Amino acid sequence: MLMSAEVYDFRSDNVGGVAPELLEAIVAANHGAAAPYGDDEFTGAMTARFREVFERDLVAFPVSTGTGANCIALAGLANPYGAIYCHETAHINVYECGAPEFFTGAKLVALGGAGYKLHAAELDAALALAGRGNPTRVQPFALNVTQPTDFGTLYTLDELEALSDVAHRHGLLVHLDGARFANAIAALGCTPAEMTWRAGVDIVSFGATKNGAMNAEAVLVFDPTIAAKLPFLLKRGGQVVSKARFISAQLERYLADDRWLVRARQANANAARLAQRLRAVRDVDLIGAVQINMLFARLPEVAVAALDRGPFRYYKLGRDQRFVCRHDQEPAGMDLLVSTIEEALA
Amino acid sequence: MLMSAEVYDFRSDNVGGVAPELLEAIVAANHGAAAPYGDDEFTGAMTARFREVFERDLVAFPVSTGTGANCIALAGLANPYGAIYCHETAHINVYECGAPEFFTGAKLVALGGAGYKLHAAELDAALALAGRGNPTRVQPFALNVTQPTDFGTLYTLDELEALSDVAHRHGLLVHLDGARFANAIAALGCTPAEMTWRAGVDIVSFGATKNGAMNAEAVLVFDPTIAAKLPFLLKRGGQVVSKARFISAQLERYLADDRWLVRARQANANAARLAQRLRAVRDVDLIGAVQINMLFARLPEVAVAALDRGPFRYYKLGRDQRFVCRHDQEPAGMDLLVSTIEEALA
Amino acid sequence: MLMSAEVYDFRSDNVGGVAPELLEAIVAANHGAAAPYGDDEFTGAMTARFREVFERDLVAFPVSTGTGANCIALAGLANPYGAIYCHETAHINVYECGAPEFFTGAKLVALGGAGYKLHAAELDAALALAGRGNPTRVQPFALNVTQPTDFGTLYTLDELEALSDVAHRHGLLVHLDGARFANAIAALGCTPAEMTWRAGVDIVSFGATKNGAMNAEAVLVFDPTIAAKLPFLLKRGGQVVSKARFISAQLERYLADDRWLVRARQANANAARLAQRLRAVRDVDLIGAVQINMLFARLPEVAVAALDRGPFRYYKLGRDQRFVCRHDQEPAGMDLLVSTIEEALA
Amino acid sequence: MLMSAEVYDFRSDNVGGVAPELLEAIVAANHGAAAPYGDDEFTGAMTARFREVFERDLVAFPVSTGTGANCIALAGLANPYGAIYCHETAHINVYECGAPEFFTGAKLVALGGAGYKLHAAELDAALALAGRGNPTRVQPFALNVTQPTDFGTLYTLDELEALSDVAHRHGLLVHLDGARFANAIAALGCTPAEMTWRAGVDIVSFGATKNGAMNAEAVLVFDPTIAAKLPFLLKRGGQVVSKARFISAQLERYLADDRWLVRARQANANAARLAQRLRAVRDVDLIGAVQINMLFARLPEVAVAALDRGPFRYYKLGRDQRFVCRHDQEPAGMDLLVSTIEEALA
């Protein structure tokens, strides 16, 4: 599909390019020979940087896809007759074509929950009925929490901690799908440690691609016993990139200063500003609060038709529309989006 | 593992960096928004280029790992109670931690064969005993041919064609694992078409990473019915990269002129030259002919000990040693390797 | 767990024994040699009998477990990135420890629905949102209908047909889980043909164990292309019994006259009579209508406590109680059950 | 396929019927209600009997197929990136349509070995090259030993112990596929304990079907940690029969006196006698010693043609022929087999 320069793309943050400093890191890593498959100095430096930023010991595994990160993380926790609990709108439940089931052999048990979020009391009730020890029932081993959710909502640190407590009490470990990790940190104003292991999270899919990296994600493992299994699961899953240095160098650089947070804050701010302007338009309904860099609207049909004639890209979900802002979302594009809607509704 | 500049690395061609023109292609692709997951103009251009170079219609899917390419290609051919025939030394049989079995659900049936190669008559005999139609036996659906083999040997075009004929006669489709596709083309002096579909190959893992790309491989599918399944298999396998443009742009550029072949020829020539010099050393035995960019030796222990003291990296396989040359293998390193061995044996 | 003669068991119909004529069929089959694995005369005769009773051509595969029958049937329909739609209370979704997912590699998509039943309009709406052709979404291939449901409710023939129509329109095939096939036929007063292929059912798990057989079930396949795959799937699933004649002989005899229906009618009648008597007890609430041989109650705690002191076996589901009647349910046991409850509540 | 009374069947021991005392046990178990799924008194009594006969604590799980027993046993030992070592002629490697790979997710690594047997030194050498700890290589977790082998050969107790020692030293557990357990015990004159746990075997597929039972096998587990996983693996594998009492009652009765061994000795003796008579025929070559109840011959074509005209059933393996004797093999059939061959070669 041809993308001309004049198109304003609100489909997702992964339509964006690569941040300058990360491209520089790639170029800088392109020097001499390096051991393949992650046994290189760049991967070592990346792990050191993750330990520093997360304020504890951990092992970091570079991968090139978010689905890969989620699946390997969950496979590291899996038993052969298990269940993963998640929200019914979780990315792993809806948009990964069964990859989590394939990599883990587990069944996904999807719960509802307002705000696209799991709620501790509801999780507790569901797990109480899960049939622990009953051979006719799959045995829960993991809780998947998507932070932020695919619908742009955020768990508070208290909510995360409450979910982890319930999960641990029932014998589950906690996986955090952080495809938009930076946007969540930027919005909550907390530290990576606070949003993960201090809140009871056991394993993390750390996404950087949606925030300026070139196909660079990491699985972060806090428990060394689980970490020892991952090299095998990664290889068996076709997730070990040959020249891992080019992912690791990006991630090391990504965390080396605050630019990852600056970008995430800017993306969030773009969405907030866009929401503010759209709310001012009569007949425009935004769905829910805008907590990160995405907003959902139910526009009148005439406005949708106008957008579809214009130079815009965005996703439709039934009668709703999703707009995602990047840190470098073009101001002209946001202006034009608002004015197009305004004119259509005038 | 720290790699200092003074180390000469003969472990594998994937310890090398990224070719300048491919890095340029990445930088050039980093402009504006692009649809994610391969629905972008760069992937379209890549497919067009593959069609041109392979002289026929095909569908090309970008992936970031060779194991991923092999597994998705084979999964595209699989039935749920199947067998993949391959050489006992095939990469998919030995070095992918069971990934092909995981992705396909199939059993790998490994055959012997001189020169690390399958032989048509032996394959025919094995397939005749495979129990087609017998429910107690796995049902063969694919033949895997690694070209060149992991031991640096090459199938002639006639050998490939004979294998394909046998495979097709028994109802199998043919997968070519071309992790070092360029080295084979360079050595045989044939066209990509001649080494693949004209020789009866049905699906190809096209590797570029070992020849200068940054984690860029492609699955090439000639049959549209199989191609229609691959988007789902890729997603379910965690193999769909978000910003696919950065793989596709490399592959498009890779095939745009002859530099990929120039590099492969140079790598092959480096190995040939190194082999020539080592053969001149008394007490050095090279194992087999050197057909591409790798050579195998059985060095006296004193020579191995000398190498292990020096600034070299290489792989040991039991009592043998493997040396792989890149196109940009340092001449000083090759000189020092030879002189170190000579001095140890003097 | 020791079962003394004085215990009255309402847990499930599979606590019962083997019907006399089926035991006779086993004894009669124990004569001379017979080809193993279903290639015997008894299996041939069983298939002929199924064809007669179902009034059409079909292939019948004997298996020893209901879970095995369900899983093989569904695996015969499966694609490698698929989804099976079912009710959230379906046996395959709740009580088979993930076996259907394991055998098919598919994801179960569970829908709600009053009366523990799927409803055609709701299924239609769900399938419309399933993302046919979208590689991020699992692709639906089968609808599972449990008839009767695990909660003792029944689909009418019209309801079955409406569900099949929706399923077929969306490209799904229909699997009927007939663990209590006989009870449904007895209750509906229809023919096996009417409840299966004439209503659009494509593949059937035909259960006989719960109605007097000794671990004897069958997968019934109407489509020869699917049937051709099943011998392999059965073997790979460990479902091919060596001396198949002892299952096949039972099933042939089972269908040879009306005794299977007589038993099912008696079991249903026992439950109806028990329900009638319990409804007459003040403070006893039965949940829903009693359509087959099981009834659900929410007894006062004092009644539950009384039952637990008595010589009864039954299942608790949260605050509810399930009672299942066999054709040979002891009248004394039913009398005692009612009187125990009456006395507790007096 | 119609089997008339006049056919003499040497195909396999599973063409035979059910021993009288086992049929009696089935009939005796058909009394009153019993908890389903193995939670019944008969299964308890079976386990007690296994403990007595095997002279140690263990857990016994009843299943209805030998493939099921093998697969569940191996799945109980499996890791998610593992390898099972076995002989290239092992039943699990050749005749189970990939079921072991399906249930375990593991790769089967098949070794050669004279006499269709694994040899400790060769196993040791293979495991030394298996790449323990190397993420590109599947990690061995189990050794499968078929005793007796599918070719009628036997491991001595010393050979079993030597294999177990090697396996344990390399971190593998040992699975014994005892489809013809009784024939091996009868031939070796040892105790079940000596042939299993005292020789280092960790888990056993105990077959009774080929020696007079009606689809009755058991998985015997000596380690409680592994045993705790099996109920889930059995359910997920569709291997939990509803009315387990009819398998358990057979197995309990089977081990209650020496009749199982009397039958096995008679079957072995039948084969020995037949072999003796065939060896006396000029131009008849028997292949290998006859250690249990099967013999292999390479008959002249004219003899094969004569057999094929006669009322015989037997298996052909390429140019060889296999004859298996049951305990109740008809003397007239054995006489006629010999005389038919003699006349053809006269």
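Just so it is clear, A, B, C and D label the chains in written order, and each chain counts residues from 1 on its own.
Note that contacts are C-beta pairs under 8 Å (C-beta built on N, C-alpha and C of every residue); 3 or more make two chains touch, one makes a residue touch a chain.
The structure presented is a predicted model; accordingly, all values stated were derived computationally and were not measured.
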Selected from A-B, B-D or A-C, interface repeating C-D by over half of its contact pairs: A-B
Relative to chain A, chain with the most remote C-alpha centre: D
Distance between chain centroids, defined by C-alpha means - chain B, chain D (Å): 42
For chain A paired with chain C, centre-to-centre distance based on mean C-alpha positions, whole Å: 42
Cα-centroid distance, chain A relative to chain D, in whole angstrom: 51
Sites on chain A at which at least two other chains make contact: 81, 96-98, 102, 105, 135-136, 232, 235-236, 240
Chain A partner contacts - residues on chain B that touch it in the complex: 1-3, 5, 7, 9, 11-12, 14-18, 23, 26-27, 30-36, 39-41, 44, 64-68, 70-72, 96-99, 102-103, 209-210, 214-215, 232, 235-243, 246-247, 313, 326
Complex contact set, residues of chain C against chain A: 81-83, 94-98, 101-102, 105-108, 129, 135-138, 318
Touch list for chain B against partner chain C, complex: 37, 75, 78, 80-81, 105, 135-136, 139, 229, 231-236, 240
